[in-house]
Amino acid sequence: MDFHLSTEEKRVGSGIIGLDELLQGGYPKGSVILVAGTPGTGKTIVCFQYLNEGLKNGEKCLFLTSDQRIRNLVNQAKKFGFDFETAMNNGLMTFKFLDLEKRTVHKEMEQEIQLGKYSRVVLDSLTPLSEVPIWVVNRGTEIIPPEDSLSNPPFPVESIQATRMHVRRLLTILEEDDCTALVTSEVSEGTRDLSRDSISEFLVDGILVLDLDASMDRRKLTIRKMRETKHTLKPRDIEINSKGGIRIL
Amino acid sequence: MDFHLSTEEKRVGSGIIGLDELLQGGYPKGSVILVAGTPGTGKTIVCFQYLNEGLKNGEKCLFLTSDQRIRNLVNQAKKFGFDFETAMNNGLMTFKFLDLEKRTVHKEMEQEIQLGKYSRVVLDSLTPLSEVPIWVVNRGTEIIPPEDSLSNPPFPVESIQATRMHVRRLLTILEEDDCTALVTSEVSEGTRDLSRDSISEFLVDGILVLDLDASMDRRKLTIRKMRETKHTLKPRDIEINSKGGIRIL
Amino acid sequence: MDFHLSTEEKRVGSGIIGLDELLQGGYPKGSVILVAGTPGTGKTIVCFQYLNEGLKNGEKCLFLTSDQRIRNLVNQAKKFGFDFETAMNNGLMTFKFLDLEKRTVHKEMEQEIQLGKYSRVVLDSLTPLSEVPIWVVNRGTEIIPPEDSLSNPPFPVESIQATRMHVRRLLTILEEDDCTALVTSEVSEGTRDLSRDSISEFLVDGILVLDLDASMDRRKLTIRKMRETKHTLKPRDIEINSKGGIRIL
Amino acid sequence: MDFHLSTEEKRVGSGIIGLDELLQGGYPKGSVILVAGTPGTGKTIVCFQYLNEGLKNGEKCLFLTSDQRIRNLVNQAKKFGFDFETAMNNGLMTFKFLDLEKRTVHKEMEQEIQLGKYSRVVLDSLTPLSEVPIWVVNRGTEIIPPEDSLSNPPFPVESIQATRMHVRRLLTILEEDDCTALVTSEVSEGTRDLSRDSISEFLVDGILVLDLDASMDRRKLTIRKMRETKHTLKPRDIEINSKGGIRIL
Amino acid sequence: MDFHLSTEEKRVGSGIIGLDELLQGGYPKGSVILVAGTPGTGKTIVCFQYLNEGLKNGEKCLFLTSDQRIRNLVNQAKKFGFDFETAMNNGLMTFKFLDLEKRTVHKEMEQEIQLGKYSRVVLDSLTPLSEVPIWVVNRGTEIIPPEDSLSNPPFPVESIQATRMHVRRLLTILEEDDCTALVTSEVSEGTRDLSRDSISEFLVDGILVLDLDASMDRRKLTIRKMRETKHTLKPRDIEINSKGGIRIL
Amino acid sequence: MDFHLSTEEKRVGSGIIGLDELLQGGYPKGSVILVAGTPGTGKTIVCFQYLNEGLKNGEKCLFLTSDQRIRNLVNQAKKFGFDFETAMNNGLMTFKFLDLEKRTVHKEMEQEIQLGKYSRVVLDSLTPLSEVPIWVVNRGTEIIPPEDSLSNPPFPVESIQATRMHVRRLLTILEEDDCTALVTSEVSEGTRDLSRDSISEFLVDGILVLDLDASMDRRKLTIRKMRETKHTLKPRDIEINSKGGIRIL
């Protein structure tokens, strides 16, 4: 077995005022962080701030999305004061649309990450990608992504076994040493789940939970898990500002 | 990648007294808004008021419905004081019955929207349309709408994977730049769901939730999510008046 | 598109003392009303009173039932003081047994309604009829009622898609202009459902919920939804009297 | 349509001290009553008392059971002071073991009831019988009991559709004019169900619920529904005595 | 029909201090008792004490287990002060490992019980045995244990129908006149179930529930049902002592 | 039957300050302990401390993991002050990556344990391994691990029957006399489960539950079950320190 220990550990700034202090300096470098929340809790804004922070340092950034309307995303970011358009023109920032209906979606994502040498990657969101139909072949030991050309494919599989292998592969793509990744996770209203696949939360290095309390008109962020980090478990009140996005109160 | 930023952002009036103020002027132009609620909470009335507001400005309006009794709908609107009959005669307003049992239902809906140049579109409701049987073919990478002519179709699919692709396509049809769309979503009594497919709430730009508290004889509207809008999360009391429909109290 | 607006709107008396006042005069004419409740809450009694009220006005009445023991039904009604026997002899009242095991059950029901020119129709209950096995054919765009003679039928379908089409067709049969229909819906103990198919409540024009509070020995009726009617949402206490049936307290 | 009204309505004594008063004299003659309860709540004892009451009047009684150990049943009854052995010797009482694994179980049950001219029938319990594997044939319009001799039977069916037809047929067997039947229903701990099939409670004429409150060491009986009977909904405290069985307190 | 009544009823000591008093002398002779509980509640200890009590009277005892490590079991018992090793050497006590992966597991169990002439039998636990794969053949009327040699077996069955037949057969094996049996049942944390099959609790003659209240550091035993026995329903506090095992407080 | 009783019982130190006192000296030697918890509760840290304690005594240690990034694991341990790198170089410590997609994963795990003569084994975690696809063959009596070379394998099985056999085999691999094993179990947020398979908790000798109370910012450890050990059931507050890991407060 061969492996080397990194002699010093680095932190990556979150771009969220007040969060790095709670994380002993930021997200652990090289980690994959899950950002979980119900609709409208601000998952995408956390991603915007993360990438914007990287751009300030001249880091290369990638935004993977299954939403075709990238223009809308850039507009939304602009409203918060994040100028992703300039970064795109400078070649620092890439938005990549993941077409869930194309067989090559996994391979394209993998190549973009490996060739692009990105410091910061966002996958917004993991959920639709993890739900792309897959096939289990070779007696269950392999899951074939849809680009496979078998003529008689077995039926699509939704078992927890197949989902685990599938999610694991997706997250493994993101596990690059010099790259720290944020992946968002869609949580259904009225559950206490951390993801819809109920597996990714066990595979990632950290979990942020975004929440809202409608009757109190309050929004919250909880650090649910963070590798190599001593952190509070307490939900923290946050506000979403038109300029700058989320801020810990 | 090519895209242009819209230089100024516009708002579209909701037609509901008191709501536009809560939305920084109205629904974001070009967005798709989910109106979610259990039976009898007033989802269709929100749609009536939205289209009536457009008619006042001379905007072209489309009402897509899977309910065959359009006469009833027009009558109901009339009772609230919305004269859709005149608008229909003037060519400003179109009611289109979506026959869920016809294979061409998706295509017809798509063509109507693309050719009609509508400013305001209502789909009341998304739920039955999203539940039309579909087929996954080509190894899961494509979902065939029922008009396809394969001789040996695979079995109908109800997986979350297929539903997501299906709902995504339905909502994509509504995503026209110059058109703002309201889609209603049927929520089952006793759940905290935002839709029956549990996916559309993650794909839309905004969510209004209609609710009722029977023991208190009170009705409520909550802005659960609204893209590019700073809004309260607090449920607001509403009343439904015989004339004019819903009003924020 | 051709349709005409009815110039004046009519109400149909419920036969329940105290209810018409809560409904601005009665059920909206031409509507389909769901009467939902757990076992023993009085759904059938609401139907008895509705038909008895029609008989008083000389209206033609139809009682559709999947319970073979029609004699029992007539006896039960008699105990409450409703003389359906005389009405049957006079030809004003028809009890029709829907044999769920006959392939022609849907067609028979349809023909009875269309040929009988009834003012008031009761379907007690919708639930077993909606659960008759059905087949989806022609790529999902059609649901074949069991009288179809295909030699190689596909397997029976229980998907929400098929159920929706099926329930929609059943309710469409009842949607006659000059006829107002009550359909009862079986609700399982301990749920907050409005029907077992969880679809019919979105397709009907009105919903009455019958409920009981065993520990308080109290029975309640709630108007959960009523098209074109301003109504309270508050549960109202009711009593079931040996003579006359249900009365709002 | 031909049917006759019974000119006077009769009541059948329950054999439970205090219950007949709550039922306006007893169970309605000719009805089918569901006795629902979790394990150990006294369902079988209610049946013992019901049959014992009939024996006192010289009525012919039948006890249908899927428990092979009839000797145990007779012993249990004896402990409560019910001498079923003598009644069996006199030919007034019959215990019939329903062998759930025999194909002829339904037919045997039907013949016993039709030929035996019983006044009182107990089926203890309905649940296992309703769960015997069945087959849906002839496009779903028929459910074949297992004695059918098709060579290529379709797969067993567990759909609510098939269950409903199956339970309906079982209960129809018990619906004899001059016979009043009690059927017990197994309710799982921690649910508020009235039966495991969740259908029989809608098909019977009356429902008794047996319950227990362990922390208070109290047992209760509730009349949940009773055709043609004005009754309280309040749970009544009961006690089970070594002699005589259940008594309303 | 032939059967004989046992002229006097006997009780079998439980070996648990304080329990026999609550059971009018002990478990009813010839009965099958379910001992239900979540992990770590002491189900096996109840069995140890039951068999140890029998050994004191020189009764023949059988411990059926699906745990291969019988040595561990004997060690555990020894720690509580139960010397099963000596009893095994004397031939009074038999530990039989039920190999769930052998086709003959049911038959072996049956033969051991029939030939061994045991007074006391423990099956610890019923749950894995009831979950051994089974096949339904002959149109559902028979469940074939795995030793059957059909060449084209149908698929394994998990329906409640098959489970009921299966559990019934397992319990029937234990229903020997001169033998009283304890069977343990695995209950999942956070449910109020009495067994995982949700059927065995209706087939047994008695039910003991073992429970724990972690926050209060308290353990409880409840007599949930006991044939021919007047008993309290109240949960009783218990303690598990290193010597002697469970004791009612 | 042949087996020998171990004359004296030994305890194995947990490496967690304050825990051994609660366990009468430590985990029972030769036992398999389940460490259950939701994401981020410290399951892996309990394992680190367990192995580190062994290393202090010169015991041979094995860490089985389905996470490819062993470097990360060693880094994480180092941060807590556990120098596994040196131990690996000394041959006292082995990290083995279990590749869930290889057919030989079970066999490799088995051989490593049998040949390595380890005193302490950690499997972190059991959950993905228990969810590897398996096949039931030979009429359900055997579960074939994926390395089997059948040409026409039956479909993968997810029944509780197959899972039980599968989990049982996995745990049997760990049941070596001179080896004490910790296996971690992934528990989903918002449930009270002890494992995702809901079976392993009944097969292990002891269960530790790790929990957190976010609103109170508190972490807890509960001894839910421990063979041959008198222990409290009360949840104990713990803290996770940057140096040394978990400590009972």
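Letters are used for the chains, namely A, B, C, D, E and F, taken in the order the chains are written, and counting of residues starts over at 1 for each.
As a working rule, a residue touches a chain if its C-beta (ideal position, glycine included) is under 8 Å from a C-beta of that chain, and two chains touch if they have at least 3 such contacts.
Note that the structure is a prediction, hence the values are computed from the model and not measured.
A.B. asks: Applying the touch definition from the top, give me the chains sitting in contact with each of chain A and chain B.
C.D. replies: Common neighbours, chain A/chain B: none found.
A.B. asks: Enumerate, in label order, the chains that touch chain E and chain F alike.
C.D. replies: none
A.B. asks: Indicate whether more than half of the residue numbers at the chain C-chain D interface occur in both copies; give same if so and different if not.
C.D. replies: different
A.B. asks: Centroid from C-alpha atoms only, then distance chain D to chain F, rounded to Å. What do you get?
C.D. replies: 50
A.B. asks: Please work out the Cα centroid separation of chain A and chain D, and write it as a whole number of Å.
C.D. replies: Between these chains, centre-to-centre, one finds 58 Å.
A.B. asks: What's the distance between the Cα centroids of chain A and chain F, rounded to whole Å?
C.D. replies: The answer is 29 Å.
A.B. asks: Touch graph of the chains shown: is it line, ring, star, complete or other?
C.D. replies: ring
A.B. asks: For a test of understanding, state which residues of chain F touch chain E in their complex under the given definition.
C.D. replies: So the residues of chain F in touch with chain E come to 1, 3-6, 9, 136, 139-142, 157, 159-162, 164-165, 168, 172, 175, 191-194, 198, 201-203, 205, 207, 222, 224-228, 230, 232-235.
A.B. asks: For the complex, give me every residue of chain C touching chain D.
C.D. replies: The contact residues of chain C facing chain D are 39-40, 67-72, 74-76, 78-79, 85, 88, 95, 100-103, 125, 127-128, 131-135, 146, 148, 153, 156, 158, 186, 188-190, 196, 212-215, 217-219, 240-242.
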